[in-house]
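Structures for review follow.
You will see subunit A twice below: alongside subunit B first, and alongside subunit C after that.
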Partner chain A sequence: MFHKRCTPGEHAVGRRAFLGASTAFAATAFADMTGLNVLGSSALAADLKKTQKRVILLWLAGGCSQLETWDPKPGASTGGPFRAIPTDVTGVHISELMPQMAQRMKHVCVMRGLDTKNGDHGSAAKLMMRGRRDEAGLKYPDLGAVVAREMGRADSKVPDYVTFYTQTEGRSFAPGDSGFLGARYAPMELTTNNIPEYIRKLDGISDLDHKQRGELRDLLGKQFTKGRQSETMGSHNEAYERVRGIMASESLFDISKEPQKVRDRYGPTQFGQQALIARRLVEAGVPFVRVARAWWDSHGQNFETHQEMVPELDHVMAALIDDLKDRGLLNDVMIVTLSEFGRTPGINSSLGRDHFASAWSSTITGCGIKGGSVYGKTDDKGNKVVAEQVDGGSLFATIYAALGINPEKNYYVGSRPIPLVNPGVQAVEEVLL
Partner chain B sequence: MNAPNPESLKLVKDYSRPAIAFAVARVPGTDRVFLGSSDFKVSEADLSAAKFEPKGLYGHASYVTTLALSGSTLVSGGYDGKLVWWDTTMNKEIRTEAAHAKWIRQVVASPDGSRFASVADDMVCKVWDATTGKLVRELRGHGEKTPQNFPSMLYAVAYSADGKYLATADKTAKVIVWDAKAGEQLKKVEAPTMYTWDQVQRLHSIGGARSLAFSPDGQHLAVGGTGKIGNIDHLEAKARVEVFDWQAEKQVAEFVADKSQGLVNKLLYAPDGSWLLGVGGASEGFVAFFDVKSKKVLKQEKVGMHVHDLSIGPKFDSLLLAGHNKLTAYKLG
Partner chain C sequence: MRLLRLVLSGLAVLTYAATGRTDDLPPAGRPIESVVDQFVDAKMAADKVTPAELADDATLVRRLTLDLVGRIPTVGETDAYLKSTDADKRTKLIDRLMASTAFDRHQAIQFDVMLNGELARQGRGSVRDYLTQAMKDRKPWDQIFRELMLPGDTDATKAAGEFLRARVTDADKMTNDVSVAFFGVNVSCAQCHDHPLVKDWKQDHFFGMKSFLARTYEAGNFVAERDAGVVKFKPIKGPEKTAKLMFLTGAVVETDTLRELSKDEQKKEKEAADKKKDKTATAAPPRPKFSAREKLVEVALQPKEAEFFSRSIVNRLWHRFFGSGLVNPLDQMHSENPASHPDLLKWLARDLAAHKYDLRRLVRGIVMSKAYSRDSRYSSESRPEDKYFAVAKLKPLTPQQLATSLKIATTDPKSFEGLKESEFEKRIEQAEQAGRGLASLIAQPTDNFQIGVAEALLFSNGDRVAKEYLTDGGGTLLAAAKAAKEPTDAVALLVRTSMARPAGDDEVKALTAYATERKDRAADAYKQILWALVTCPEFRFCH
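Up next, the complex of A and B:
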């Protein structure tokens, strides 16, 4: 059962428009695989423009420890040295490494009962980016591609899906991937710089030259399409428009445009700077931005690694929440923290923790999600989920539902209907607004 | 005192226990030992008992990472930032000090027993009156952040044999030598190979200068850690010791234990200064002896646990190692 989950009372017209458009879409889905024509409905487009949902995924690559973040077990033999601290949500404690987030848990839903059954970096990263395993001959789109498709606008001048992954470790395990949705929803990937390369006009071409070339192309295009009905030509024109928009969007990646106070808020680290760019992008209408922070794979010296990295996560995530809140965006922008898996409760002889997918945590903050909620319970040592277990599919269904996307909605590959999540997979109703 | 031959090292006994022992202190000439462990407790055990059964004495609020025994006074330090003074004769607490704002890494007693010095991740070395527990001075000079703007850590502290000097060592492998009485910074040496910052692949760090020992004559300062690490997911580099003429701020020897992987967590000079003993590990542990004169590795022995601490007998004839779920006793000489 699909429940649209946004702030109560918000965009009632949008719901009707959405449902109407969705019905129309369902009837014509076979003819219109992209569904973007639906967004061409002026009422719906205008409504989405105001209320478009967007996602920032903080991808904690390598496997962040749940015990040193969202599900501490202080005093247990598996608990490690860190204490748990109370938060602004009565009864909810998180690691002492996250004092800033402890004051902001009223905005956050912690999913503590993830059991995803895959402790291999490569395949687990794909699983947690797509919410399910690929089938033979069918590659599923990842979360970013689905959100780009569902929330992207045909008239958008900004990219639909941007991903930052600057460190090299693990980057190839889960590149942004639009699967069967095709290149239209593939991400703009930034791996070396925070500002995209190759989108600038060539130095040898003047502004006038560039403009005139575009006009000539438009003129020739119009003459060509005169008297012709061509979807290909329409798509061609749209692609050129998007390229022009993306070329003009370079400044969105430039944090020097932000006041120093805002830059200070995010901090000087690369992760902080990329999170700030992510905020600039979603504010400008980019539906999905992934900021990957590698590499958490702490087989040796787990506690020192987390002592180094968790405070940075704490600071950046808190800054992001505050900034989005101050800008009135937290109801429309979702922040997700996710890894390919968590880490073993058992502490190895190098004071490390190894790969562990049986009982770990993720968080969802903002849009459509019940802040201050905790779903899932692990046992005293963190070895297994004892209540409210969630797998990758349910997590994705929950994210989709919170964004107002029907998880049961079908895409079509040829004539085969492909639902957004596998049949029978349910969203976690308890954490949805 | 003559130094025993490292080749005489012989395993006596393993003692298993279900906790990581980070610190060990042995009452000289006895089988009575104190342990600081991952169960948040300071425990006492009798190594001569038929069954090895450490008995909890008191607790910290986190891992107990360091112990220093001077006369009948035991001082424990933990990741809770507290130092606890314990009377080992009466088996009762003397005092607890909220000593540091962050994890305490090591506490050592001065050679004359009048002071204890502690180091912690607040990057301050604090010197305490051993009797009154009064803070005598604070030594500040290590940066709170690494060059990459992440929190640094202050791992090690050591007194010179005459008690005149203190040395402290941090994550970025910077070592400061202090005038112990005046609290002034005298010299600085660095062992940058021991600190790995991975800017490209993983964007975090590992390593650091983990252990210190002054030579018996006070002229040299040995610094223990590990080499540059390629894959910082693991402690995969060889154990490493660098020796400095600290007055000249110059490295005079470098030892790489080719059969020993990981961190050198503790260092000790032979009583005549002829060799250096380093213990530590990665997924398993090691004992390594380094010849000071020839600057060569003398002996390396694998230990079935990552070794965190050692206690040597007063005649250098017994060695007790503490580590991951185990204690191991050796004979020397």
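Up next, the complex of A and C:
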């Protein structure tokens, strides 16, 4: 089933490469680092990941309205004041607030049939970052941590998982979280600044001394590691080995390195600038970047809120698609738009829309997704899903499958196998290439 | 002499009769460490495994100090131990460390993390507060269990209520956390279906345990319990079932309270719960006539059922000191996952129960053993598996261990010398407090712990580490190094203080070369050397 989508060439590892890598293992002083383990990281795995896929998640925090974006209901009592407009995909209409995306829907898959059954900000945000609810004794890794784990490289010079969440509203509801995968896959979180914390050396030390004290540390470490073995020690050494590389990646966070033309394309907004940084990061090999935009929680004045925020989303997402396409990256980088839930079709007395998880929308663009597809159908007023219903689990299975990750793959917590999605959960085959 | 032998053998028979021993375990009353070594050595011999050498004195004093009181030793402590020719010096060290207040604080943190995982926190009225006091009062484990399950309203036990209160909105989590923390059993798999791999765990077990706990609710500053309650569940096949009050062993507590609450009772609960807003209430609502939670404590501790309770705490303490349990993972103690040393586990569990769940006795026995004292290096390629305990396992320091140790490692060792015992302890407590901020930025280790790049970046570029630890103001190690006559003296001092061992010749040579190359900025050079020392794995781990 799943294997059909993996082209054999991508996963082929030549016998020679395998032998070469094994010899290298034996020779390394930190042989334990490469041992097979639950969080395994090996030169071999790195080889498998040469055609690495990457993800940019646009996290629309607070709950973006499906009716003012991807699933408009013009003319219905629930429809609100905005019109629907045709797109470059025959028969598919989206809100008039998204004229730029209307010209680019041939790249996008819209999932209109989300029923995720949770309308509480905190737990729904967790649910939609993980695709499932945590168990009593088990914290699942979120999408970013899984992608970091699957696509990241042990010796990577760049971070594996970066998340921008600058506004304060809802930030504590949806922190990046690597769950049982642990600190190795925890995100680099940027909240107050577009430059990561601790990425720049302090003023009191010269660059040369900074580098050489690191070498001194390695020397002292080698003396200690002799005759000792521990996966945790391996990860400790790996972490320090990555420091200089990550420091060198600081310039990735600096958009002044981009030509003015490109910066103009993304626009002067914070959301646009962070999306541009996200593009720079994925281009350099960062497997997962989340850019959060808050706060869509329009219990009052829904239409003013969306009139202001949807055009920004429209502009930034269109810019990202164009830019990735121009760079030939759209087949390797996926853009996902997701919220914790959508908004009620019913309009309340403050002209707002409330939390609504029974019939809302998300989009997936690029990588192994069928552009121009729409999956899921809601009724005339948008109250419920009438066909092709999808929950958080199958949405995540679809994302994993499109990235070439087997959704049924197991991680192990102790002896217990934990599949990436709960047993029985299926990807939506119809939208996969 | 003969008489003595007779008396002794008579004692052995008595013990035999008293414990109803029907197996071939060593007799009760033997020192714990000798039984530990007997079983660990026997398994190695049977499987032709050669253990590592015993660790040298400096390693041992560091390991004991970290494990017992949560920090590296000071130069004075290490030197005193290395110089001592007293044949009993190890016992004396262990007893001194275990008598200090730092032992209570460090073990309380360890128990807090064990019970609470990510919910572990410090502060007034926290479970950690309760545990620190409980350690100080030398409360036995069964009493701690009872007080956490049945918190009262005296100052001594009120904070214990935080354990249940933090879980009161999620009865499933409470059920699982209680089963994991006290019985070493993760029954969450059996929530939706009978456990696929373990025939011991049926849905009846999960919901049976839940029935004991699901009547808990929050009232003001206290947790309260309903008079009645019923937990129903839907098996995969067949009609809905009503759960009994059933313990993990299958033991059932009969009761006529498996019913919904009456109107009156609901009203009563609402009134009590309304007090939630009233945080000034000083007394807990009265416990119901029939308390299901009290029954859980009773049944879990009765002789036939208590094996879960005693085996689990033995396994957890073993894991704390060896870095790996007799059964792994710690929450999978069931028939399909046998212990590496089943008879040892059985003996230790029985010994603990026979000695009124005295935690200190067990801890002391473990750290007195030869098995605990092995080197973490193994010279040959064919390294024995963890389950033999033939080589010491590297244990990553906990956040507080790391931060307190860093404070000690960067302080002028002289400031710990010539102090009265009480002054010394106070100085150490100050170091712990100074470390709290940094500790809050470091991840708590778990099994298969992986250290992330965030920690390396924090140590490399964080101004907290630079300004609070690697400074050269008065009373710091760097100030003392700067004042040293020769660079060789300075680097030897840096190594001795931070690594808690004498510096090796090669090391001194290499570090002196590093410092000499930077003669124009000697203070910076020493700072960089100290940074390299405290970021290398030798410092990061208990080894």
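Side notes on the structure shown:
The rule is short, and it goes like this: the second predicted complex is superposed on the first by the 376 of 433 C-alpha atoms of A that agree within 3 Å, B and C clash if a C-alpha of one lies under 4 Å from a C-alpha of the other, contacts with A are read in each partner's own complex, and residues count from 1 in each chain.
Operating definition for what follows: a contact is a pair of C-beta atoms (placed from the backbone, for glycine too) under 8 Å apart; a residue touches a chain by one contact, two chains touch by 3 or more.
In this text, all values refer to a predicted model and were calculated from it rather than measured experimentally.
When the two complexes are overlaid on subunit A, subunit B and subunit C sit side by side with no clash.
Judged by the touch definition given at the top, the superposed model places A:Ser251 against neither subunit B nor subunit C.
By the touch criterion stated above, A:Asn193 is placed in contact with neither subunit B nor subunit C.
Of the two partner chains placed by the overlay, only subunit B lies in contact with A:Thr305; subunit C stays clear of it.
After overlaying the two complexes on the shared chain, residue contacts for A:Ser172 are found with neither subunit B nor subunit C.
Of the two partner chains placed by the overlay, only subunit B lies in contact with A:Asn348; subunit C stays clear of it. Touching more residues of subunit A than its counterpart among subunit B and subunit C is C. Judged by the touch definition given at the top, the superposed model places A:Gln103 against neither subunit B nor subunit C.
The superposed arrangement places subunit B and subunit C with a least CA-CA distance of 24 Å.
When both complexes are aligned on chain A by C-alpha atoms, no subunit A residue touches subunit B in the first and subunit C in the second. On the side of subunit A, the complex with subunit C involves touching residues 37-39, 135-139, 159, 181-186, 188, 197-202, 204-205, 209-210, 212-214, 216-217, 219-221, 223-233, 235-237, 239-240, 242-243, 246-247, 413-416. Only residues 62, 75, 77, 81-83, 166-169, 267-271, 293-295, 297-301, 304-305, 307-309, 311-312, 347-352 of subunit A touch subunit B when the two sit together in their complex.
On the subunit B side of its complex with subunit A, the touching residues are 18-20, 38-40, 61-63, 79-80, 103, 121, 149-151, 153, 200-206, 232-236, 262, 281-285, 305-306, 323-325. Chain contact summary for the complex, subunit C toward subunit A: residues 118, 170, 172-173, 175-177, 180, 186, 188-189, 191, 328-329, 331-332, 337, 376-379, 383, 393-394, 396, 443, 445-458, 460-463, 466, 507, 510-511, 514, 518, 524, 528-529, 531-533, 535-538, 540-541, 543.
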